[in-house]
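Here subunit A shows up in two complexes: once beside subunit B, once beside subunit C.
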Partner chain A sequence: MKKEAVTTLLEVSDLSITFTQYISGLRQRTIRAIINLSVNINHGEVLAIVGASGSGKSLLAHAILGILPGNACVDGKMVYAGELLTPARQAALRGREIALIPQSVNFLDPLMRVGAQVRSGIFNGNSTALQREIFDRYHLAVGTEQLFPFQLSGGMARRVLVATAAVGSARLIIADEPTPGLHPMIVRETLAHLRELSATGSAVMLITHDISAALETADRIAVFYAGTTVETAPASDFCGDGELLRHPYSKALWQALPQNGFQPIDGSQPSIDNLPCGCLFAPRCSLASRDCLTTVPELRSLRGGETRCHHAA
Partner chain B sequence: MPLKADNVSFRYRSRSWILRNLNLTILPGEIVGLTGPSGCGKTTLARLLAGFERPEAGAVLLDGQSLSVSGYCPVQLVSQHPEQAVNPRWRIRDTLCEGYVPDEALLSGLGIKNEWLKRWPNELSAGELQRFCVARALGHGTRFLLADEMTTMLDAVTQAQIWQVVLKVADERKIGILITSHDEQLIKRICHRSINLTPCL
Partner chain C sequence: MLLFLLGRILRLLTLLVAVSVLSFLLLELSPIDPVRAYVGADMLKVGPEQWAKIAEYWGLDQPLPERFARWGMAILRGDFGVSMIFRRPVLAVIGERFLASLALMLTAWVFSGVFGFALGVLAGMKQGTWTDRLIKWYCLTLASTPLFWLALLMLLTFAVWLSWFPIGLGVPAGVPTYEVTLSDRLYHLLLPALTLSITGVAGVALHTRQKLVEVLQSDYVLFARARGESGLQVLLRHGLRNIALPVTTLQFASFSELFGGSILAEQVFSYPGLGQAAVQAGLRGDVPLLLGVVAFSALFVFAGNLAAELLYWLIDPRLRPKGDACEQR
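This part shows the complex of A and B:
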């Protein structure tokens, strides 16, 4: 227990995020986007977060950084390096100790030369020298620093984004879908960079729906469904028919991959304004019993991982 | 009755060539994969085949004739950015039913919920929107489907779900499909053959 307290960098427990929306006139409603989500990440570890589209993966990243929109209400506890993560603490840490590699290359400032953008993330030392060093590390030619984002290819822009996060001394790097629709070569390169960052002691949270990419890079994998974690498992459990996995949704995800059967399950993720009252996966689950329809399963430890299922053994 | 790109060359404005003397034939019922590095012209080729762009030289032919510019186009494109492929000022039901009215079985097969129909596009996730784009493209007049990174933004379960429906419809109606993807495993799984596009120099 003591040892764990030393190595855990970020611990998120029972996080819930609700949004307040106006429906008509002054009538409001609240929708729950993330419910009782728990996840932790250790020093020097790559944790991949995979799961259904729209299951709240990016919201978690934004919640950790404290950059959710104004109508969001966050509940639960986030502890970073032994300290409670309050809005003030988040503001002090983000961009310095906690860095984001955003989902889209549109996050680069279109009117600013990329060299200057990377330098803006450096707070100590000779920023020009550090920026040149990191450009060199990511195979960005010397002249690249003078270019504007529109002059870069997709792969180069990706590398600039990674450089922006890696150049500071961030201890937690959150990569939000860094590789969608990219050529396998660039994907492998980006993932290798993330792996390299974790080797220097930083923790990397890799948000993706590309399970093969996650397996190649991550130590542990957290599976999200409808705004909650249904399972956290060592990457090595994703093998064979998925018999080592704990939750039926993780198994379904694994068996739906083109290389493992390509077998879908019926239905779709419940919409956030109409959630089932028991287990969120129950309406699509072949194991669902009466218990599953009425009581929400607690997150429990199982075989070196965690799961939220009444039937898992 | 194939869809044919006959010696097609294309470039945007006066920039360098994207496609040069390209030949490609897709037969009805055939599923063809298209791979290649980013920026090599995969999307451009799909847009040419669907009639969104005109080739600078060569021709796109369906049954030996060029595509008609009016009426329901028998060659339908599903784009990789669904949020850019629907009218943001139309409720999604209107977009869905613009070309034809899809039946219930198709919609439920694609996992589309009834309550989604009256929403605006910005109230749906990319994955949800893409299901509508797929349903819209499978009209009765569709003979060829161009799937440009159609399921890249989706999780594996949804991807398998959508492909199962599309492949079944394609098999019943002998629709030819061109699949653009970076996912080698997906191409290997569902395509009869695949073509690797190399960038023009």
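This part shows the complex of A and C:
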């Protein structure tokens, strides 16, 4: 971690996202997808957001960019570069200062040549020259810009997707699950590109369910569970038996990895329409006491990280 | 490409053979009696012997396969026979009537294409709002309105009450052919064409709307929005590009509906087109003309579908074979 640049770029506090759905006729119900989520990211740092699928990781990305669907209701506070992130501010920033690296090639227009799609992220300067430069940097042959997304190989697609974000001058880059089921070599290459981007001073938010990828790349890791962050810890805390970790879920996650004992815990993530009223992890936690079942633990700082657990010390 | 075209030509040939066999059989089974149709009002003056003579002269006493073979051979030589109603060669009648119908259908086709597309895009962009609901309501109402009834309403309103348009026919009545001007023809064409396109608009608009809604929900539009593109930019950059193909294809594939619609519209407006000729041929037992029209309409609809396919093939890069323009360098 670079010591000189530990200023916060984006601070998300108490973010909640609820969706309104019509079940039958005019009867509505609301679904709480993200609850009291707090996370922050500094300049020049890679923050990994790790959690099982369905824990609301992508929604966080969409909430920061302000591209949630119309039936979503966002509550809480987001501060970007010292300014409150309002919808108008988001509209002005997205694509320019905040960029998204999407999951797959399906996020590219199937009928548009990839060169043109990368160029549409450039707002000033000679766009063709800039696009060629970035293609060159990512070892994409000159002819690639004339290809359509369906003609790209897996590795090329990955580089083009990274290029869409790298071509601008984004200060916050959100990579939403950028390495799903890819060849280890391509995964390593993509992660290296993300590291490079953070080395130039951009903050990179890496959203993934691949803990090893996160550990390899990130400075800090935020662990997601059922729509909230249960712990934020320096990547170096993920070591040994997990004794440096603060939250039982992070420990369980760590110990479930094949190289760390391969021990699963019982149960599964609570479904969003039937959440426990106390700590969200309490029903599966071996440390759970009566407190845990009734009161939601506050987020508190602990040993250079943050956690939401009554018992953490 | 060559193989594709050859395949299509083969398909057309089998289609035409199938259509002629089927329509020939249907006519054989129908109560239409060619001799009766030919004799017409002179029925009482024609005795049974004469009747049999006419039938024999036409080869109606021969078995069915033989008659079909003779008709088929004649068709292959380009001889569709002589229309009994018009007392002229079938091909000449079809040619003349088709030109009139083509003007009608083409106008309706362009109208419905342009207005339907515009309405569909508007509704799709405003999905869920009152604009969208209004357009959907309008389209569904129109789509469920029988064309002949709508045609009658249009006729009543615009021709009878408002007298903006002539009541029917393709040209003014009582004017010699050489004095009929182009504007006369257009004037007579407009109301039937409008009627025909009104129901077409509904289909095109609903399909366009549906496609646009699908595109707007796609991952690539989400990504475009994440990259700071506004609603209008998304529409212009990604929306139109991605709905153009399916919508154009649909527009070409709608030739069959257009043809079906023109039969009704021409009937109501007494517009002298191919559709009206088909109805007359059916009602008055003009077998050669009816068979000719059936074969011709099959060809027409096939041409529309082929055009749609070719267009898709030419425009969509994903369907282009390897080694083509986009794979170079």
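Observations on the structure shown:
As a working rule, the second predicted complex is superposed on the first by the 307 of 313 C-alpha atoms of A that agree within 3 Å, B and C clash if a C-alpha of one lies under 4 Å from a C-alpha of the other, contacts with A are read in each partner's own complex, and residues count from 1 in each chain.
Everything below uses one rule, namely that contacts are C-beta pairs under 8 Å (C-beta built on N, C-alpha and C of every residue); 3 or more make two chains touch, one makes a residue touch a chain.
This structure is a prediction, so every number in the text was calculated from the model and none was measured.
Of the two partner chains, subunit C is the only one that A:D109 touches; subunit B does not reach it.
Once the two complexes are laid over each other on the shared chain, residue contacts for A:Q263 go to subunit B alone; subunit C is not touched. Applying the stated contact rule after C-alpha superposition, one finds that A:P180 touches subunit B and leaves subunit C untouched. Within the complex, the subunit C residues that touch subunit A are 128, 218-220, 222-230, 237-238, 241-242, 245, 316-318, 326-329.
For subunit A in complex with subunit C, the residues that touch the partner chain are 62, 65, 67, 70, 91, 93-96, 99-100, 102, 104, 106-113, 120-121, 142-143, 146-148, 150-151, 164. Within the complex formed with subunit A, the subunit B residues making contact are 37-39, 80, 111, 113, 115, 125-128, 149, 152-161, 163-164, 182-186, 188-190. Against subunit B, in their complex, subunit A makes its touches with residues 50-55, 153-155, 180-187, 209, 211-212, 252-254, 256-259, 262-268, 271, 274.
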